[in-house]
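So that you can tell them apart, the chains are marked A, B, C and D in the order they are listed, and the count of residues begins at 1 in each.
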Amino acid sequence: MKETTIIQLSKKLPKLKNPVALIGLPGIGNVGRLAVGYIASHLNAKKFAELYSPHFFNFVVIHENKIHMLRNEFYYWKNPKKRGRDFVFLVGDAQSSDAPGHYEVAGKIVEFLEKLGCKEIITIGGFGIGKISEDLKVYGVPADEEMKKKYKNCGIEFDVTGKVGTIIGAAGLIPGIARLKGIKSMALLGETPGFPIITDPTAAEAVIKVIEKMFDIKINLNQLHEKVEEMYEFVKRMEELQREAMEESRKKQPREELKYIG
Amino acid sequence: MKETTIIQLSKKLPKLKNPVALIGLPGIGNVGRLAVGYIASHLNAKKFAELYSPHFFNFVVIHENKIHMLRNEFYYWKNPKKRGRDFVFLVGDAQSSDAPGHYEVAGKIVEFLEKLGCKEIITIGGFGIGKISEDLKVYGVPADEEMKKKYKNCGIEFDVTGKVGTIIGAAGLIPGIARLKGIKSMALLGETPGFPIITDPTAAEAVIKVIEKMFDIKINLNQLHEKVEEMYEFVKRMEELQREAMEESRKKQPREELKYIG
Amino acid sequence: MKETTIIQLSKKLPKLKNPVALIGLPGIGNVGRLAVGYIASHLNAKKFAELYSPHFFNFVVIHENKIHMLRNEFYYWKNPKKRGRDFVFLVGDAQSSDAPGHYEVAGKIVEFLEKLGCKEIITIGGFGIGKISEDLKVYGVPADEEMKKKYKNCGIEFDVTGKVGTIIGAAGLIPGIARLKGIKSMALLGETPGFPIITDPTAAEAVIKVIEKMFDIKINLNQLHEKVEEMYEFVKRMEELQREAMEESRKKQPREELKYIG
Amino acid sequence: MKETTIIQLSKKLPKLKNPVALIGLPGIGNVGRLAVGYIASHLNAKKFAELYSPHFFNFVVIHENKIHMLRNEFYYWKNPKKRGRDFVFLVGDAQSSDAPGHYEVAGKIVEFLEKLGCKEIITIGGFGIGKISEDLKVYGVPADEEMKKKYKNCGIEFDVTGKVGTIIGAAGLIPGIARLKGIKSMALLGETPGFPIITDPTAAEAVIKVIEKMFDIKINLNQLHEKVEEMYEFVKRMEELQREAMEESRKKQPREELKYIG
């Protein structure tokens, strides 16, 4: 596996009605992964493709006594409302582990969403504020001016002057690349304390409320706080593994230096 | 050499009967390399292909006064029993030295084994428990549920809850990629103290006993402990070299920093 | 996006008269980016292409509340003088973040300039002297002997013995690669204190004066010092971001070590 | 420039009689570069091709007030003796700065030498012994048994048991890859104190004497010690630059960390 690869679970791609893509990958507070994962699960969205990449970490995770290869997963949901829009969800347990890989993975995702007919892509991420706050804002950073007008009454703070400076990884690069292909795109960033490896359901809730308004859908949030533990056992497991991996890697470092013999 | 390359020693690939692949590459305790190497040598398996990769370390090893390029080697063994299965063995002295390379090498291996008709792939590795133990378990982590049923009476511990969290490198990625191609696969991990660069014949023995049961073959283990030294002179040599390389690389580090000028 | 990509803003490339390319990318004192950006802006040059690369940093910048993907931008200017030469300007907010990427990006740039008919390429950079000086020299380091004769009366110091030893990144590699394709090329390096992330308009001014003489054009420099702040708000923003990113990356380092699990 | 590239200086390749290739690239004591460079210069060999690689350092060197891109250079020499063998020399000022690049560059070199009809390739390197010695040995490490017989009476020590453990970079990988293509190959390693960045003419002399015997050629060594300084002004310059680059890179390290934002 030399390149990022998307594997379709059935030959035909789903036919979608004016679809919008919501993307939630791991990051600060795991806001995106949690929010998009919850929406997809709540709406009973159907998985139809998986993305694998040589730029993900070079280990597999053991989940329920089986090998789980790091991946991103594509789901679709057909909106039962006559004029409602269909959705594509992308959730996953990995981003690229090197800089050029971020561009490769983001490019593959945008290409695939374009093929699915998505004219709009929203990435979800966290914005670390370094403290615990009561009133959590959701910032919107569009790649196109138009998004600002379209979603101006949805509780999104579009003025990020002096707040967000950069967006690292997929949440920023996917809208950047989407714009180059004429696809409207925006990053939605939920405020979160930003302690790196703690999943933050409160920030995810704030983002989901914004998404409800943006697309006129209804998500039952009762289960988010209650079920976050059982639902995201896997997410928590990943958190632990990341911590362990960190310590492992520190202990192993002398061995790792072998790489630098060059 | 820009890509991982498999060189066949003769034009035609061997014709194999319902073959299963056993893979043992360097890792914790060198359990996999030792176990698979011993079985292949004991059964007098025949080498038929070699794998080279730009992702292996950028040095060659001097062995018996000659240049030995780092490689993985494919062997086959034709089972004389009428209904016995044939085997492909993969042993080697290197894994990728960078993360994307692990995916590239694992992908090439799975592709080649698929071409050989392998419907089942077992990777062998070590599971570091950080202490010396009398009763060494062998854990099985399948990529497919099915393997668990098929090999339930072979002394494999399939419940790894709270034990193994991740499998680093080829032992995990090969089953992960094999599953994507519909090939049944599993990692067999032998408990070993896990001091990184010490080859552990006791763990290898435990794994070989499991393999005997899984495939109804008989391996004379008398020679494993006795001959481990002379047989694995090369393996031991590699251990030393890795240690030296480590120290070299530490001493050289200032020079290596040249890389970072960017 | 797996490769460095140049996106033309309109299908047809501009037809240019004996064009010369001036290249100013970020570097010591941001001398090149400032000088070339100022000239392009002053002459009202027209943007006609953008370059993106997976070798740029894996983040996007927020500028005026929108996502700004790191890029290099091509501008052209048609010289109104009958015998005057047309210009291509390349300015940008990023260079490659890894060594092989520098060669890839520089190669793409030279190829594109060749397609545009450029027979001469001048890269602009800074030369850090480690102190503040009154009389700022501008050094010229040609890839071809010829350039020295052609521009001998333009206030360029061509004798760099004991001064410049290497030129890192695009400012050196572009002339190097241009020479291989028979395109005349030279690096112009303006003396600057060289404190890494401080944009130096004084050095840029010295370089612009040289360029005026080289190509018989007139740039009103009154606005350079006055307007450097408002014009280069973005540049300054980038400076801050780089500083923040540095500190972020330091704080995050334990997490980053995940990369080294290998 | 995305790949290692060999540029021929004229369209036709030289027609050579039973040619042998001698390869001297930078390394411990610069033994190979000095020895092969001296022989090529002494025999008045003719340059006919240059190799460039994105895996070389991402800077250019200023030499004689001009930009010098890092490169390897191919020379040929037609032996005037009726039965004498022609030679290809490869000398250069760079090796790959990353591990996979070493394989790519070595692969390109072997391919090109194969095209030139070389049936034999000798790489020259240094073997650091950590002390100053009077009687400098020259070790031979063949990739093929045959070389040992062929050159047994040339003052080469073929027994390296307990001495050399690994050969890092081109000097080892080129013979390794050559063997895969059926080209006879060997590394000749001259003993040298091994202080990394000091060129060692004494070790080079010992190696040249061996080469004289191997191929029945005569090299006037009078000039090696006398002229090493003026001849290798450039080599010395590179040494200094490497030292400076090291220190630069150390000072710059905080900035370099930007790379690790990922």
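Here is the rule we use: a residue touches a chain if its C-beta (ideal position, glycine included) is under 8 Å from a C-beta of that chain, and two chains touch if they have at least 3 such contacts.
Please read these numbers as outputs of a predicted model, since none were measured by experiment.
Trainee: Rounding to the nearest 5 degrees, give the angle of the rotation that lays the CA atoms of subunit A over those of subunit B.
Mentor: 90
Trainee: Which is it for copies subunit B and subunit D: same residues on both faces, with over half shared, or different residues?
Mentor: Counting which numbers both chains contribute, under half are shared, so the two copies meet through different residues.
Trainee: Please indicate which chain is farthest from subunit C, where distance is taken between mean Cα coordinates of the chains.
Mentor: B
Trainee: Please compute the C-alpha centroid of subunit C, do the same for subunit D, then give the distance between them in whole Å.
Mentor: 35
Trainee: Quick one: which residues in subunit C touch 2 or more of the other chains?
Mentor: 57-59, 96-99, 101-102, 168-169, 245, 252, 259, 261-262
Trainee: Contact residues on subunit A for subunit B in the complex?
Mentor: 1-2, 7, 52-62, 65-69, 97-98, 101, 237, 240-241, 244-245, 252, 254-255, 257-262
Trainee: In the complex of these two chains, what residues of subunit C are touching subunit D?
Mentor: The contact residues of subunit C facing subunit D are 3, 57-59, 96-104, 106-107, 141-145, 148, 158-161, 164-169, 172-173, 175-177, 179-180, 185, 187, 196-197, 242, 245-246, 248-250, 252-253, 256, 259.
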